[in-house]
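Here it is, the structure in full.
Letters A, B, C, D, E and F name the chains as they come in the text, with residue numbers starting at 1 for each one.
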Amino acid sequence: MAKIITLGEIMLRLSTPGFERFTQASTFRVHYGGGEANVAASLAGFGHHAIFLSSLPDHEIGTAALKTLREAGIDTSFVDRSGERLGLYYLETGASMRPSTVIYDRARSAISEAPVDAFDFDLIFKDADWFHWSGITPALSRSAAHLVKVACEKAKAHGVTISVDLNYRTKLWTPDQAKAVMTPLMSYVDVMIGNEEDAERVLGFKPPKTDVLQGQLDLDGYKTMFQALKETFGFSYVASSLRTSYSATHNGWKALLYDGNHFYESKTYDINPIIDRVGAGDAFASGLIHGLITATPAFAIEFGAAAGALKHTIPGDFNQVSVKDVLSLVEGNQSGRVQR
Amino acid sequence: MAKIITLGEIMLRLSTPGFERFTQASTFRVHYGGGEANVAASLAGFGHHAIFLSSLPDHEIGTAALKTLREAGIDTSFVDRSGERLGLYYLETGASMRPSTVIYDRARSAISEAPVDAFDFDLIFKDADWFHWSGITPALSRSAAHLVKVACEKAKAHGVTISVDLNYRTKLWTPDQAKAVMTPLMSYVDVMIGNEEDAERVLGFKPPKTDVLQGQLDLDGYKTMFQALKETFGFSYVASSLRTSYSATHNGWKALLYDGNHFYESKTYDINPIIDRVGAGDAFASGLIHGLITATPAFAIEFGAAAGALKHTIPGDFNQVSVKDVLSLVEGNQSGRVQR
Amino acid sequence: MAKIITLGEIMLRLSTPGFERFTQASTFRVHYGGGEANVAASLAGFGHHAIFLSSLPDHEIGTAALKTLREAGIDTSFVDRSGERLGLYYLETGASMRPSTVIYDRARSAISEAPVDAFDFDLIFKDADWFHWSGITPALSRSAAHLVKVACEKAKAHGVTISVDLNYRTKLWTPDQAKAVMTPLMSYVDVMIGNEEDAERVLGFKPPKTDVLQGQLDLDGYKTMFQALKETFGFSYVASSLRTSYSATHNGWKALLYDGNHFYESKTYDINPIIDRVGAGDAFASGLIHGLITATPAFAIEFGAAAGALKHTIPGDFNQVSVKDVLSLVEGNQSGRVQR
Amino acid sequence: MAKIITLGEIMLRLSTPGFERFTQASTFRVHYGGGEANVAASLAGFGHHAIFLSSLPDHEIGTAALKTLREAGIDTSFVDRSGERLGLYYLETGASMRPSTVIYDRARSAISEAPVDAFDFDLIFKDADWFHWSGITPALSRSAAHLVKVACEKAKAHGVTISVDLNYRTKLWTPDQAKAVMTPLMSYVDVMIGNEEDAERVLGFKPPKTDVLQGQLDLDGYKTMFQALKETFGFSYVASSLRTSYSATHNGWKALLYDGNHFYESKTYDINPIIDRVGAGDAFASGLIHGLITATPAFAIEFGAAAGALKHTIPGDFNQVSVKDVLSLVEGNQSGRVQR
Amino acid sequence: MAKIITLGEIMLRLSTPGFERFTQASTFRVHYGGGEANVAASLAGFGHHAIFLSSLPDHEIGTAALKTLREAGIDTSFVDRSGERLGLYYLETGASMRPSTVIYDRARSAISEAPVDAFDFDLIFKDADWFHWSGITPALSRSAAHLVKVACEKAKAHGVTISVDLNYRTKLWTPDQAKAVMTPLMSYVDVMIGNEEDAERVLGFKPPKTDVLQGQLDLDGYKTMFQALKETFGFSYVASSLRTSYSATHNGWKALLYDGNHFYESKTYDINPIIDRVGAGDAFASGLIHGLITATPAFAIEFGAAAGALKHTIPGDFNQVSVKDVLSLVEGNQSGRVQR
Amino acid sequence: MAKIITLGEIMLRLSTPGFERFTQASTFRVHYGGGEANVAASLAGFGHHAIFLSSLPDHEIGTAALKTLREAGIDTSFVDRSGERLGLYYLETGASMRPSTVIYDRARSAISEAPVDAFDFDLIFKDADWFHWSGITPALSRSAAHLVKVACEKAKAHGVTISVDLNYRTKLWTPDQAKAVMTPLMSYVDVMIGNEEDAERVLGFKPPKTDVLQGQLDLDGYKTMFQALKETFGFSYVASSLRTSYSATHNGWKALLYDGNHFYESKTYDINPIIDRVGAGDAFASGLIHGLITATPAFAIEFGAAAGALKHTIPGDFNQVSVKDVLSLVEGNQSGRVQR
């Protein structure tokens, strides 16, 4: 059991039930989630001591988010309670050729305005093993970008391994803005996760020519890109999940990892139907981290890919799976036979 | 933005949730819909001034139907409030090899008994661009058939383009009855929409030998039939959607259009899973009308086919889509990637 | 209309809605079911006089189970009301590569403790045509195994045909225990139903080498096994359903029957999506029994396979289908076109 | 356990959830009920052999109604399956000063068109103890009124006790029509149930001056009216429930019975909140019948009043209570303490 | 039918179902509402031509709000589509001694940033009869306060009657801020609505000494205050609803009106249970406006009080009642008897 | 913030929605709760370090219970994972004169079979302030009674204050059994909580003659009984909540406390409607403990009574309230005015 810290935003998610469009819904399903919170939830579910750092407004909706974190087994001792609002997003779940759509309403959320001194980083990173963050957090605001930088410095000072998920979001910033903020932060990173689109927009790397809509993957292109990323930034590991989008409810899914020596490629999963694909990338990152901490890169990429695949079958942002659930899939049990 | 009138019945639809059979349901999902109302809803959603003509009983269930029309942006100024009952139908949604089933309880609905003078057709058709009706309305009753005839005469007198969707319904009348009533009405029609089954039963045209259950389409047969229909009745356009039924939740879908010169064939959509296929034909008709009014036949058939395809992914009778939604699919975005 | 008796346990089933995991559910869907009750429900639905024998605690949850049986048209006159508790099981419905899981909480249920004299077997089997039980009941407890033995004796004494579904359950007993109890009971059986796994664990027969996960069926192996079973135990018929598990929501499905002369193989069904696969084996057994009683073995295997296929599309344990529904599928209507 | 027959209509009831108005509802709660079916359900729940006579269309909605009857333990052997439609009604549940409202859509239902020879009355009434009907059935149609008359004749010929609930419905007929049809039918009746409004409109008796809205009951007036009714028609018993309407969710409730010698007055119940008052009168009639069959008039009026009071706390038309439940209330347990 | 304009904010309202606390909810009920939108909805329901002026973001949640307005019959032709977000609020419905609570998240909503030239006031107020706004709108932002001022000027220039509901909101501004902004706006107002708390905080008037928690109303004090308000600002009418809060689910309710000559006092309503009290003040204002437009002050105060009382029984912000519904209550039908 | 330990059983609770009877429910609402878990949840909600000791089976339903504990902020570090099953109970919520009913199915639950060495009591009670248990736990089994005894010994050895809630349960044991087990355990107890019924059945004390159904409380009788209890067992405090049951949805509620010097009587609450009264006694105990730890007996009895009153308005077993919520009610805010 490792001590793992993640830092970021948790939002209220409001999704329409039964494939209804936004304009049809008379109820919204309530979940709470966000990239780094999702990673903390997965890692707590795998048995680690997962600490999530964020800021939540001191009202009952903020408390509801906090309770969801606690329910998942996350250590919320260091969550700051301040700020005016909880960021939120609306999710309409697509089907077949109708895509899912997301509407963000997250500007000026508590974490985007949280001061650095809201977190006692020396206490937090003491004896910690891992720190994970994503490119979403520095995109929220200048102060959030600064918070990430300070956290990275402190983590490094405590000898903590750092992973990042680039997670480029068009609605939060431009590629130029992203590059300006993210490039210097890469110097702290040991494990870099990002798909071809992220790598291009955030770090300016030309991606492989893969047409993700058609499913033909240029694996050599990925390998070349991963090598270049590793060389440029000195990452220990470069990883990516790869999604082939056949429709809103049918995807292919696999993952790649490069450790400087070997280029690991996971099994491919054919996911049909997809119940909820939000958080699949976070589930992959969590599985990869778990695998790297507890076993080998070869295991880590399979564990991460399987964890990410399972997330597609589970409602909500959090990946509600155990190590046992993931191992069962890693070991080949894809048949879905009833366990009784 | 065109002024478009549709005339017909809107029913209460009671459907079972969660793939339950009728005998299992402890709740029914409530929707309101009907062929011509569905077309009006789609066209209002595309930005047109859509007027729906019908009659609704002057009680709260009638008012609920009216509010649903208004919510969709339909102009309900000319809806008559009279009659004893709102027609209704029960819908059990099938899955895999279990078909969806419909039980009608629509006899003696308000519109089937509405008098001609309930509608001020001269006011209604003044400056109008298009009038759409379907073969369901004259099948309801003699008075409804008469109403359609008068409406067609008035529309023609005002120079309004007229489209029909043949929409043969076994439970409402026999082929002989349909032929007797529908054939003379064809003289008013500019744009005729109907699949091979409709054409045979309503107009007596021998359809192509296509086995719709197997998916092999005899396109030459359709072309021949469309030419014959056009020549016989003088239609400007003949169009049809084509459905290949693999199962209750998996269909193929495309559409054809003939304008006397060219024979247009849309892209084929593979729809899996189907969320709700009721109203797909109406969605196609609406898209076709929108395309013919605003652009070219080549655009119209693609726009209609895509609109119809999207309807399969949306609960309820109404196609809750915007022009932007349909264009996105026309332009090839079938991958269902999350829009964020 | 035949008089048919089944004997066994009916449980409360608590399932999670909307593909939620157990740890997410804030409501459970309530159904009542169990192998032999499911068979009685199907047969009542086919128009037979179906009597279910069981014991239910004399409280309102027991009464709720009873009302569900009555609703299905089952004759509950002989249900004993005693015991402390209704057995129950929790069901989490899987999706794609995530399997469904079952947690049993059925120990010390009313039927597992019911005394033999709770049932007036001479009255019950008088003029009866068929008696069906499954391997689950003797696995519940020693007293339940004894109850089955007495019932078989009485049924035989009244000249009633007896069928069994082996239904091996790992969580209830070991193969050795099963063999010790079940082997002597086989002497009463006329129609034996069991898949390759059941035959091996319960009766010690080496199954065909078929890899059910991959879908290649060794039909010759089945034939050989069926012949051996028939010869060893003197069964009139040996039958099995065959499931190919592609995923939790996508299965292949067919059935086999051997009558000593011919080896019958049903059509194969591709079931996608699966709505609820619990009770499919019971639905097959019911269809087979109906077919054998009313028609020929050739018809019986097709009717049974189609009945079992349809069950996959219906929520709950009971197969809510009529003879007409099944015949429609037997006759080839797999296209799922709306019936209107 | 007595053999009791009731005859009438069972309808689909569609009610809005959560105090929504008709125009707000996106789902309807599904129940099946109707005066005489409700009485049969109560009496079956009290342990009697209750037979319900009606006609249901031979489609799945008709079957759903049938299954609800069976679930309640009613003998449905004699239910006719014919006709075009199941009558239905919409129910909006009021609260505080907003009244509940009902919209009927029951014209031309199966039972209103059922022929007399659909029922083998000699078989049905053989060894029967009681026949109950209400004034709703003859109000449905001429043929239904004739059916009631024939049933009464047959019941009398078999020596069966007959009870009626006058149940005047403004929306079905006028007082004059009611009087013309109902007065001759009174000659068959032994037990007459009807409130002051019914007695006035159906039988032309001047009611007591009680202002039911204010709650002051003129008991002497009732006694006088009951005596006059008894003398005029030769009833053995005259009974009535009395409701004081404070609001849609708060009522007072009691009942009166006259047997020619004594005038019995039940306890008064203060019911707040009311969960569902539909069927309370039927629950009262059922309790009264049970009491008269099994005990004394003094017991019967208390049992009937308590049964009716309990119905107000139970969703749906049927009174889901046991003899034990009712006795507990009769014996004074009104405190609602948790039973654990 | 009058032409009536209202201007303000419409928000998404997210409420917990079944009396759950915020921290328990796994779904939120979705409604859209806000003071001035609620007034427009009521007036449209009473048959007036009600125009609502606001600004909604050009995304699907904004469109959902728009559709709700259209469904209610409101003319949305002049709704501006711009801005970043739809304001929202969370509502937890209390019970007994647990109060309902509201959490606002409405800062920087579209209407708070809408420019004056988004509305063509000359076109809007042409031939208009009435303009209604509330103290919430100028409290949103400086630009919103300016918008209200311009609208008042334009309305006055077109001879339109202006009403205001003071609606003081602690969470939006301080009494000093309110006074500074609102006092000059009073010069445009003809009909002033506000309770004693509003009058004190917004206009600085010392309220009557009434203890609203105890229910003893100092009517003379109200009269004195109303007279002073009228004299100071030259209002034609001063009105107020009066609420006595016994608990979250039990209130008393009445209303007062002063026209310079008479002091009108409505009936008192005892509302128990309350289903949803949000929007009751808006419902009162709407009823008052309807009454003043169509009849006399004496009628108006009763119609307004009854409309407001009914709102307490209806879920959501909008008062889903017709003139007929309100008249029935005005005329004394408080008994809640079922209408059938 | 005190360190407080509670020990007992947590069960799955399955309750019917919408006042449905058990036999009507097609879904059950899922909660997890039990006396001592409820106390831990309340105390965690008040900001204390609350540790719950129990045993949960190592399957997903056990994990679901665990997650609910964590969500409430309870420290679950010492929860044992072993045993076969989670105890459960069925709850039907009554209304008006229909009582709520409970059906237990808790025999042989994990905690009833947990060995003493599953808990490291020395570690658990180190620096602890308070230990709370109830009479339910020793009633479960001999081993559970032994576990409680050992826990009390260990707590005493660590100088921890011990409170008990007698909580007599008829369905678990007889008064004689209770007396035999509970009397010796009283020697460890500092704070004894129990109503008059508990005191009589568990400790053999003659209760005051109060008729709890009628609401007249014999306070002098309580005082005398409390004094006798204190003298006999040497309790520091004796406390009781007092409930007056008017109906299932309307109760009076208050509380009493005796500390050897003063006899404290809280305010009386009139609770109408009751949303969920399960756990109100536990909520009272929690409030009392909080009050005694942080303030005075006079404060404690008011805080406990208010906490218990609020529980009646909240669904589920846990009292979802903060110190602020309770203080607001203690300070007199019973009016339920919306907080906005």
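The rule we apply is simple: a contact is a pair of C-beta atoms (placed from the backbone, for glycine too) under 8 Å apart; a residue touches a chain by one contact, two chains touch by 3 or more.
Computed from a predicted model, the values in this text were never measured in an experiment.
Under the contact definition stated at the top, the chains bordering both chain B and chain F are A, C, D, E.
Mean C-alpha position of chain C lies 62 Å from that of chain E. Chain A and chain F have centres, each the mean of its CA atoms, that are 42 Å apart.
Centre-to-centre spacing of chain B and chain C amounts to 44 Å, using the average Cα coordinate of each chain.
Of all residues in chain B, those touching 2 or more other chains are 17, 21, 23, 26, 67, 101, 273, listed in ascending order. If the chains shown are joined wherever they touch, the resulting network has some other arrangement, not a path, ring, star or complete graph.
Touching chain F in their complex are the following residues of chain D: 17, 269, 271-275, 309-310, 312-316, 320, 325, 329, 333-340. Residues 18-21, 23-24, 94-102, 104, 169-171, 213, 245-250, 273, 277-278 of chain E are the ones that touch chain F when the two sit in their complex.
Interface of chain C with chain D (complex): residues 67-68, 70-73.
Those residues of chain F lying in contact with chain C across their complex are 14, 17, 21-23, 25-30, 59-61, 63-64, 67, 84-86, 88, 90, 92, 101, 103, 105, 107-108.
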